[in-house]
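To start, the structure itself, in structure tokens.
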Amino acid sequence: MKPLLQVSGLNAWYGESHVLHGVDMTVGEGEMVTILGRNGVGKTTTLRTIMGIVRERKGQILFDGRDMMDVPLHRTAHAGIGFVPEERGIFATLTVEENLMLPPVVAGTGMGLDEIYELFPNLLERRTSPGTKLSGGEQQMLAIARILRTGVRLLVLDEPTEGLAPVIVQRIGEVLTKLKERGMTVLLVEQNFRFASRVADRFYLMEHGQMMADFPVGELPERMDMLHKVLGV
Amino acid sequence: QSASDGKVKIGILNDQSGVYADFGGKSSVEAAKMAIEDFGGKVLDVPVELVDADHQNKPDIASNIARQWYDTEQVDAIMELTTSSVALAVQALSKEKKKINMVTGAATTDLTGKQCSPYGFHWAYDTHALAVGTGGALVKQGGDSWFFLTADYAFGYSLEEQTGTFVKSAGGNVVGAVRHPLATNDFSSFLLQAQSSGAKVIGLANAGLDTANAIKQAAEFGITAGGQNLAALLFTLAEVHGLGVEAAQGLTLTEGYYWNLDDQSREFGKRFFERTGKMPNMVHAGTYSSVMQYLKAIEKAGTDETEAVAKALHEMPVDDFFARNGKVGANGRMIHDMYLLQVKKPGESDEPWDYFNVLSTIPGDEAYIDPAKSGCELVK
Amino acid sequence: MAITAVQTHEEPRVVLSARGLTKVFGAFAAVKDVDLDVHHARVHALIGPNGAGKTTVFNLLTKFLQPSAGTISLLGTDITNTAPDKVARMGLVRSFQISAVFPHLTVLDNVRVALQRPNNLATQFWLPMSSLDRLNRRAEELLAAVGLADARNTVAADLSYGRKRVLEIATTLALDPKVLLLDEPMAGMGQEDIGTVSSIIRNVAKERAVLMVEHNLSVVADICHHVTVLQRGEILAEGDYATVSQDPRVRTAYMGTEEA
Amino acid sequence: MTMIFGIPIQAFLGQLLIGLINGSFYALLSLGLAVIFGLLRVINFAHGAQYMLGAFVALLLLQYFGINYWVALFVAPIIVGVVGAAIERTMLSRLYKLDHLYGLLFTFGLALTIEGTFRYLYGAAGQPYSVPAALAGGTNLGFMFLPIYRGWVVVISLVACIATWLLIEKTKLGSYLRAATENPVLVQAFGVNVPLLLTFTYGLGAALAAFAGVLAAPIYQVSPLMGTNIIIVVFAVVVVGGMGSIMGAIITGYMLGIAEGLTKVFYPEASNIVIFVIMAIVLLIRPAGLFGRDA
Amino acid sequence: MSHTTHTTTGIRNERAPVASFTYAAFLLAGLAFLLVAPIFFYPIFLMKLLCFALFACAFNLLLGYTGLLSFGHATFFGGAAYFTAHAVKEWGWTPELGVLLGVAGAAVLGLVMGFVAIRRQGIYFAMITLALSQMFFFFCLQAEFTRGEDGIQQVPRGHLFGFIDLNVATNMYYFVLAVFIIGLAVIWRFVNSPFGMILKSIRENEARATSLGYSVAHYKLGAFVMSAALAGLAGGVKSLVFQFATLTDVTWQMSGEVILMTLLGGIGTLIGPIFGAGLVVTLQNYLATSDFPVTIITGVVFMVCVLVFRRGIIGEFYASRLGRRLGFEHRQ
């Protein structure tokens, strides 16, 4: 499989604290990869560093063969990476629809508005209400939906199921599978192991700012012991 | 006999960066310099030195500087003292320290009234003189019904009240008044009220930008064109220059000096203009005059010792380009003639800075409070 | 089976109750005519699809929002018109869905701040800071109980998300509330913390009432005595987990096909 | 003659109209403040100084280049806007990640510096700027004599206000601006050049202030102090309106202008504090302001 | 248990003992200096400095420790100056009673202003206090007893407790110094008290503090009134030092100046504002006799401070290598 995202020797800092200590990982085109790890090991930081939000960084990030280290933050999306942050980032002063329409479309391959509303009927219902008047779960849906419109090639999701009702989690699982079928590449951070194991092709296990292990979904049974030890699953 | 410490040192303390910077400011320092040079730079064979400071309109800074000057820098006298809070504070200090102060920049009659000092002198003008000039003299010119636009604070009230008194005693009447807040931008509401009062004269009992804005907007609303006259109670050449004759035409005001009065005053005006780029107003000219008189008094007393110099200042008549027939009252008030002036029409002025027609001269004894009635305890 | 896991020491009695609770935002009724009884020594779960109005119910109960209609009583006192801080002083304390700590205070100070009020050490502006040292023992106990003892002097902002949530629970417990309202306490927590927090909740519920919103059904099944399911602002079902989870309406509206 | 509240209806109407004219300035200025605040979370203390700059630039353009009022009305705001943008780019932008108070303090210093400089160069006394010939004179409305220029001020400021409101509430650019207010990093991660956006916004706010300044030049004296006093009143206007709301700022501006105008008739001594009093009352009743969204 | 728990993210030690030692040493040195200062410096200047330093510290109590930026503190400073001056001059009160009246008056003003202003946070708060203080300015401008722009002049200093003649410069100086030290001690205690802790937590997260049962508004109001009263203490004493009370002290520019002092010295540091006040007062005195226009300099200092020098003199010192070696820590 052709690698879409290649990260090697990535280090990152928050001020004086050194959080990533040489992260190496690869995400292939059309693949769905999940990073697992305990609280505070640096999963979110990895995603934020790849996006270019954390800028105190060293190492190499190649996206579709292109060096991303010197690309300014506002060009990352245009290169084809879309981000759904852990805290969702819904804009309070914008209506739901304005929120949806906000990210500039970077390629014609994105979903249409109708398609999105079909996927998330809640959003259709609350279309004109201000963003933060949504419930936590509705906000999460909006945050994912928002990116689907733009036509990015790599979707970076930080804990998309946090705080969601099981039905919704299932629906998001279905959506992700559908997206994968369309050829979208997904990089996911997830605490919900059950969910992750259902959707992902491959796993990275993270500890202390480094990738500890890397295995495909097929090896899951034989890895359960280790996972249990590290994650308490 | 000679000066106590080998030199005579004069301090000019005024606002050099704030709202009154044009009123006196750095140009006053220049005027004082000219006086010293004209006097010869020396008195009683010792050099005359000049220091100056910007009090930023803060009495505590002024008082601090004055103290330092008196205590550690051997300053013998402080002059100018724009704005009344500063003038009163420094005068009180000078009294305590037995030093001479001569005020040209402040208006309050308290300086020679309740808060007078044996060593304090008030030189150029005061609210009383302005009120007599504009109020009394203008009635004689036919402006016998008045409406006041008054700044809503003590200065405004006292101007309005004093002027009103003179208007009435000269046979005129006051048909109304409206009090506007200090630093009002828009005078249109007040001007409309003044307009509908039908008074012949609209008296502006305010100062600075307030007066300027009122005058400008009066022109805009066609008030002056409609036959009413504006009279500014505290306004000087410097501000008329800023406003422009177009807007200010027809305005009457009172000053203690006008550069284009006669040869003597023109001579000083021209010299001052060469050094500062503007013509002097009464504060600048008054500062020159006060410094000059101070040096003359030292010469006469043969010492720079305060009591002796103060005595000489009280006794000597003042007669220079600024003050004709000037004399100093026991309360420290320098009594001299004032002038009722009217701003020319745009076509009438034939050289730059030639803004005024002199309507009348107000004799000093009319313009200023009789020292005996001033409330100053030094006058028996 | 889940229920027997908890030892109850005291008789359950109603400590917090709401009748006809309603909240209308503009034309939209987020909560409609909800009756709720929270019992002492019981863990009560409030579950429901996203946007069902759970957080809103919390806000109403704690008076962060004023109900459009209905009454609320706490320990027999009507609090329908009481200010939120007063309600908190009466013993009803909540945690927030989005984590809420004092970011620039140390972990220890976070807990001590919470301890100050019940110990009457909040308004003394004449006492030295060291007067707070007598709170240390209790604070450290609480930290140890939630496994944050090692982070005692760490500034709260430097904690990871999950540990912030744990800290928040510790501060909440510090108030020794009579009724504890927890909004998704497990959200974003790692599996090992979930275990810890579950047992903490189970423990604290021995002497107080707990009302919690939670999407993690295994936790609900594990520690909750009573479950209320909310949908579109209305109560859909009520009962113990076993009953509720078999209700077909609940399954379609909320749980999907998932098993706890 | 008909009377209303004890004064002739003519006079009443006249004062109402004058209040509206005043309100135009409040509306324009508070609009600019609200735009900058809304998007940058900076209370632009230099707003008064930028208003003054607008008037001064118009005056200097006339004095040195003979550029007339009509051209200055567009050129001066652009110049001030560009200067504002440059200041934002080089200095103000460093402060966004800090407490918002630093923005306030920085612009406070900026205001002192600008005003101090102009006072140093041009003195405190005002300078005249004449009404353009086409708008000179006035008409008699029956109840009052209305200088044509003042009528023009009301009309043009209303146009400017509405245009700005449309720009921010109804365009894509506006939604970027609003979103960037809340979470600039995320908006940038979506592919929008946020720093540029913020620079533009500050420039726009400054330009609006300068526009008001040019409008004011023929009415008031062009003086370095002209912005100092008005800015505090405008702050109060903005607090009354509720800062988040652009439309709120506009409406409140007009309303308070009228309230102030009427006070000048009924109780002139209070006319400079009436807005502050209204502010205190509004805060007691509705802390978020009349149109505020956040409580 | 060890004091220093190292985590990957950050190390915040409790203040090391060395800091409290150096602190105490500095404090003693400072005190000793102030006791003998009148020998070397001009007493009236020192007194002015102490008044402004106390004013700045009182202001910093609010900004530095509760995060409330008041743009109206001149009201309390100047208001108290008027009250004290009036009581002493017109009613013949003794100086200490006059000052106490000033403090009480400032506290009442603080209560009123605070009551309205604390309804909003952050910048709104700043703007509201600015507007309210502007109202107070207009009140002072028009009120009879303030004597308008003349000010209350020739205020007698009188005899402290009826027998210490304050007209003697040294007596006056030590009176001011005593007031200053008392004021500072009060502030120090206030900040480092259980109450101060709650204030800190409110600044960090208001909603959380509310949910813990603290009535945030009351705490803020308490801090506001305290700060106002202390500012009043400074103002009242100042009116005795200079023997007048004028409008200058109630203008919003004065409020701006005290912010500058605090910013320059270091927001949230106990002694920073003292240095800031010293610098500003010296600068103003110096600029008075130089050719530089004061406002421009002040404005530029403001901008530079905010841009590159945010922690202020003392804050920068604490954060510097030397400062850290001495064991200080500073949070931004």
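Going in written order, the chains are labelled A, B, C, D and E, and every chain counts its residues from 1.
Everything below uses one rule, namely that contacts are C-beta pairs under 8 Å (C-beta built on N, C-alpha and C of every residue); 3 or more make two chains touch, one makes a residue touch a chain.
Bear in mind the structure is a predicted one, so any value in this text is a computation, not a measurement.
Fewest steps needed to get from chain B to chain C, stepping only to touching chains, is 2.
The chain pair with more C-beta contacts between its two chains, of C-E and A-C, is C-E. With centres set at the average Cα position, the gap from chain A to chain C is 30 Å. In terms of their C-alpha centroids, the spacing between chain B and chain D amounts to 37 Å. Between chain B and chain E, the centres computed from C-alpha atoms are 38 Å apart.
Centre-to-centre separation between chain D and chain E, using Cα means, comes to 33 Å. Taken residue by residue, chain C touches two or more other chains at 158-159, whereas all remaining positions touch fewer. Taken residue by residue, chain A touches two or more other chains at 17, whereas all remaining positions touch fewer. Residue positions 116, 119-120, 269, 272-273 of chain D are each in touch with at least two other chains. Listing the residues of chain B that touch chain E in their complex gives 16-18, 51-61, 63-65, 67-68, 71-72, 83-85, 88-89, 92, 108, 110, 115, 152-155, 181-182. The touching residues of chain B, counted against chain D in their complex, run 17-22, 152, 178-186, 188-190, 192-193, 196, 208-209, 212-213, 216-217, 220-222, 238-239, 241-244, 246-247.
The part of chain C that touches chain A in the complex is made up of residues 25, 28, 47-55, 97-98, 158-163, 184, 187-193, 195, 215, 217, 253-258. Taken in their complex, chain E has these residues touching chain D: 67, 69, 116-117, 119-120, 122-124, 126-128, 130-132, 134-135, 138, 142, 252, 256, 259, 263, 293-303, 305-307, 310. Chain A meets chain D in the complex at residues 51-53, 73-78, 82-83, 85, 89, 91-94, 98-99, 101-104, 106, 150.
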